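Here the chain labels run A, B, C and D in written order, and each chain numbers its own residues starting at 1.
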Amino acid sequence: MSGDAYLQVHRLAEIEHLKIHGRTTGGLDPVTLFWTGSAIELNVQASGLWIEVESGYDQYESWISILINSVPVSRQMLNAGRHWICVFRGMNLDTVKNIRIVKEVQAMSGDPGCYLQFHAVRTDGAFLPVEAKPYRLEFIGDSITSGEGVIGAREELDWIPAWFSGVHNYTAMTADAVQAEYRVISQSGWGVLTSWDNNPKGNLPDIYEQVCGLLTGERNEALGAHKENDFESWQPDVVVVNLGTNDNGAFHSPEWVDEGTGQRYKQRLKEDGSYHEDDLAAFEAAVVKFLGKLRRYNNTAHILWAYGMLGIPLMPAIYRAVDAYIQSTGDKKVSVFQLPDMTDETAGARTHPGLLAHQQTARELSGYIKGLLSGS
Amino acid sequence: MSGDAYLQVHRLAEIEHLKIHGRTTGGLDPVTLFWTGSAIELNVQASGLWIEVESGYDQYESWISILINSVPVSRQMLNAGRHWICVFRGMNLDTVKNIRIVKEVQAMSGDPGCYLQFHAVRTDGAFLPVEAKPYRLEFIGDSITSGEGVIGAREELDWIPAWFSGVHNYTAMTADAVQAEYRVISQSGWGVLTSWDNNPKGNLPDIYEQVCGLLTGERNEALGAHKENDFESWQPDVVVVNLGTNDNGAFHSPEWVDEGTGQRYKQRLKEDGSYHEDDLAAFEAAVVKFLGKLRRYNNTAHILWAYGMLGIPLMPAIYRAVDAYIQSTGDKKVSVFQLPDMTDETAGARTHPGLLAHQQTARELSGYIKGLLSGS
Amino acid sequence: MSGDAYLQVHRLAEIEHLKIHGRTTGGLDPVTLFWTGSAIELNVQASGLWIEVESGYDQYESWISILINSVPVSRQMLNAGRHWICVFRGMNLDTVKNIRIVKEVQAMSGDPGCYLQFHAVRTDGAFLPVEAKPYRLEFIGDSITSGEGVIGAREELDWIPAWFSGVHNYTAMTADAVQAEYRVISQSGWGVLTSWDNNPKGNLPDIYEQVCGLLTGERNEALGAHKENDFESWQPDVVVVNLGTNDNGAFHSPEWVDEGTGQRYKQRLKEDGSYHEDDLAAFEAAVVKFLGKLRRYNNTAHILWAYGMLGIPLMPAIYRAVDAYIQSTGDKKVSVFQLPDMTDETAGARTHPGLLAHQQTARELSGYIKGLLSGS
Amino acid sequence: MSGDAYLQVHRLAEIEHLKIHGRTTGGLDPVTLFWTGSAIELNVQASGLWIEVESGYDQYESWISILINSVPVSRQMLNAGRHWICVFRGMNLDTVKNIRIVKEVQAMSGDPGCYLQFHAVRTDGAFLPVEAKPYRLEFIGDSITSGEGVIGAREELDWIPAWFSGVHNYTAMTADAVQAEYRVISQSGWGVLTSWDNNPKGNLPDIYEQVCGLLTGERNEALGAHKENDFESWQPDVVVVNLGTNDNGAFHSPEWVDEGTGQRYKQRLKEDGSYHEDDLAAFEAAVVKFLGKLRRYNNTAHILWAYGMLGIPLMPAIYRAVDAYIQSTGDKKVSVFQLPDMTDETAGARTHPGLLAHQQTARELSGYIKGLLSGS
């Protein structure tokens, strides 16, 4: 920190105008971010700002992006340990900068050692209020919503955090287009009923009510990942559920065997290649059940099932399930929206949607959501 | 470096297939990079790679971008000191990755304490040859060529390294489009004759033959910045000179007073707003002289004066000077090309060309250069 | 025809390699075209070509576009009467030109006097075979599919043929993208069950099996518009049904009174603004019934309900109806696809989709249809 | 004109608010249009409008486009003879429509029989004033400016009027972007000094002062094509000269022999492929001379030499000539602007600039002209 020694440390817990995006336990000393797209936001009138970050992992390291006045300026891997990172320096002391430090990578269900925390900032300036945006969106999804493959060359095949992005993501772009704050709950490979490989534990609904229920390990437990989320403190206007892609994958993947019980799980195809009726019904029941849970925790939100960036094979089942939910509950603030399919031109790394696919989705999805927001 | 302790250190000087882009002194232990767009390139068959970087500054810190298989994955400010930075980890050990670590910021004539070095890498893999590209380009320019304003919001006014980019730059894009390696010699505010504020020392020609002659301070002296560049080792096919924008600025800026001698310098406008003939002639003479110097050091290159991203007021003078050079020397491998003007839609930060302007310039300039390369 | 007097007349009925697009009665002397996008296609090795057209109307005149080697070269209104129109002249006698004369305007249910015929051509050359394309598409739709509003300024409000286009239309673009011949059955304002104003006669299903059953008047009767279409001679690979937009309109429009019987027709909304269950069920029944009719006449085609260019309010009902049809018949070659919604940027005249909206729809729809064609 | 018999004929000479674009002799009964982009413009409050056109040709027929409220609605070849063409019908009687009937094809120096006239209109409505635009542009050019190749498939090789467009042309787009009325003086194959085949009569400067001096034949003589143009009645703000492409062609084409005198004409290349100094000097002298003539007839206009859509080989000579003109006259309202080169992606028919090339040129050229107009 040569030349910046005059800066003064503020613990995050002491900053009145600190804004935190994404689910947290409420703890501020330090602030732990769990989900992709989660962020710390500050309006700071200063010539420089550093932030003290703490990161750990066994396998999958964390990445952050730094946005200054809404423009991504830096993107970096975080080494393990506790470090001071310079956000900006040498700027006009009198100008107010809007700063966002954004988690670029999803919560890692597969790495109990992965965590990301922010302790403090150092600055020569003062903090100002961050204006709230008029709307709030929540996105629930899988690898698509985690931005897997947005970064990286098309030929990349490794499953590593570097290829994920929370910033260059349809969630962030959609929220920006409709002037909304947003949260993301997502996990690569997971679905409504099972994960792509038929693992019944790989479903988002079961962990929805916890702060970040898919994390494992003692440290995450201690950090409060399994605590009940405080839904009252942040109620979305629209909940976007982008799930189903991995539930379809399960029909085309081998069975999953529970090593403890020996029980076998498999979403079956029939000989003619169509979905087995019983297993399709199980998927639809899971959708109906998840809608019920979402409504319990989000009383007034419009719930939007948005699906299609990697094909629409389960769309009829999703429409049936949403219909069944509406018929049985009378709840009419639920609808379905088809997202544009990725093409050769819009693909990214790991045969996942690339930047162009996320941009196209954001354009179409934000158009639909604007209609919902203006009509409600 | 948790989990990566098994990696083995290689000093850069020991790596047979290390490729360095940009002018250097030839020293490899460590490698010092001076100019924007300079880079270290490796083809590495490994699961992980770290690089040991050393950075210092009094005022203007260095930034680097990391490209994996030609895609920018990370961009970060470098703290002062010597650090290990992780380039990638957790990848397939058998796959060969092309890695470029690129200097994002120009050589800093205003900060004698600014330097950037690379000492070593740590990896579990092996290095393979990097294939040479069929062509070589050299770009000589000012803030435009330094990529000032490519990064950052439009309202940004601070002159800080964060807003510069060597990667998202017409130089890199043009080189890519014509399949060329490239080097950049550039400095914000400088011109052919004087800098924008009439300082006669702010000219690129005078320092052209040194490795990085605009750097000051003992450390840079010791690093060899003022040594004669080894032109024989790297002869470009095309030298692109994008200068003149600041020479025009000098006509519209106050005089510059040499504090040592008291001498005053000023490129004058006449009362009707047109250029004073004598001062315009001085500019043209500087162009002619620079062309002569460029030819001395680049015997076979096509020399291309490319100008226009921020207007073309000096274009008639540039054409006259190039004509005069050709007439007096018979050297016909010299030409002029007008670059597309920045518009409201393509502007970036600090009223400099933004990403869209650099892309448009690269499209048009690479088209012209392809014609030169195929015709020569 | 000055200077072109040496050309020789060929009646269309005499031309071996004449290709006709769109439903006809089979009559060739003259050829009568009914639907938008219908066309005469010729490969002609000649220096010039004229075509003898006959057009009539009481209110809505016909328009044609001329495509030379797939590029639209001319677009014109047809005056009433019988005229020779020059298609091209002054070209190289030895070169083969692909010529399409395309009907730009839909069949006009509201004008019994409207008809379009082609009698003969004059040329100095010879006709060559027109190669068949690998696929066939049929589109059934309303004003969107008729290309209403593709031509004309946004402020245009008149309902006139000039604003329609069969060439600059998602149907033509989609067919082109998947290498298919195509036919269009469409009528502005019409739906599956009723027209936008609740008229039960304004439905496409009832007239589907006739060559052009929505035409009225003695002349059209005599021209064979009400004859049963020869389905065996042209079986599509995919039938695209883009209907529902006017069925939704009926819910929001006043009742329609049959002046003969005094009977009143109205698709009702409930007080809370939602669809009346009985009327929605009637719409769904109409969809199911139409699917059954389409399957009877198109034994092997994939039937695709494509909907959404002006919103998706009836999408749940369409999915339910398609589901019900599949459940009751076991017919699995039926699916639903959501089309991208028109935006402010993509709108054309008369608040209908403009050229950009048709292009976007064609991109997304052709992507989906390619999947169908490769998978079947 | 079935159904339109109630319309009333107005001879053009009787219409107070008739606006004519492009050079004419002033005659109104009929109005003769000579150059591409010339037009008749009317604001008419009517339900319908027909126009009586007269067209003749020996070889090259005329084409027109009809614009309604600035949108091209129809484009058609004109048969020889005198015909009524319907412009619009069936529209709201109360609405005012802006109508432009635009000549799509250049004046034809090679066809003494080619002419285009408008006699009268028929309408049920009234004419209103057409508001003048704030600026005026004049374009002088060759095939590029005549829009050759904008229409038609890339493989087209025939030189026929069908491939020309005055509407889809950088001239029209540039004028629209800067809110200007405009005129075009252009001829395929012609240059400043000679045509592409060294014919010294193929130069625009010699015929500049006549209404349309390149036309031949008794009829055109009688129509006043060779009368001195009335420059006082229409003074442009900017004269854009896009010439030089064919002058370069002359250096690469065989000599032209005057069959009358036996004199031979040839712009020569030297053995090393460079321009012969004497012939290049002749070209430059022709530029200087033309600038002088342009200034005589356009006292206050900025004269802009714009060149580059098919390469810039003569740009140094153009700059030298413009410089020489400025030095010898002191006239400073003259400048040079490089136009963007056509690429594989932007090419049209006959290896001429296509629609995308004209759009790109219009974007860049209008940006430069806006600077001229705001600065003067």
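Following the convention adopted for this analysis, contacts are C-beta pairs under 8 Å (C-beta built on N, C-alpha and C of every residue); 3 or more make two chains touch, one makes a residue touch a chain.
Bear in mind the structure is a predicted one, so any value in this text is a computation, not a measurement.
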Open item on the list: For chain B and chain C, which third chains touch each of them?
Closed with: A, D
- [ ] Would you kindly count the fewest steps from chain A to chain D, each step being a jump to a chain that touches the current one?
- [x] 2
Open item on the list: Can you compute the centre-to-centre distance for chain A and chain C, using the mean CA position of each chain? Integer Å is fine.
Closed with: 44
Task: Rounded Å distance, chain A centre to chain B centre (Cα mean) - done: 39
Open item on the list: Which positions in chain B are in touch with at least two other chains?
Closed with: none
Open item on the list: Run through the chains and report each pair that touches.
Closed with: A-B, A-C, B-D, C-D
Open item on the list: Taking the touch rule as given, give the residues of chain A at its contact with chain B in the complex, in rising order.
Closed with: 1-3, 56-61, 68-71, 73-77, 79-80, 84, 86, 88-92, 95, 151-153, 155-158, 160-162
Open item on the list: If we count contacts the way the header does, which residues on chain C are in touch with chain A in the complex?
Closed with: 274, 308, 311-312, 315-316, 319-320, 322-323, 332, 335-338, 340-341, 343, 363-364, 367-368, 371
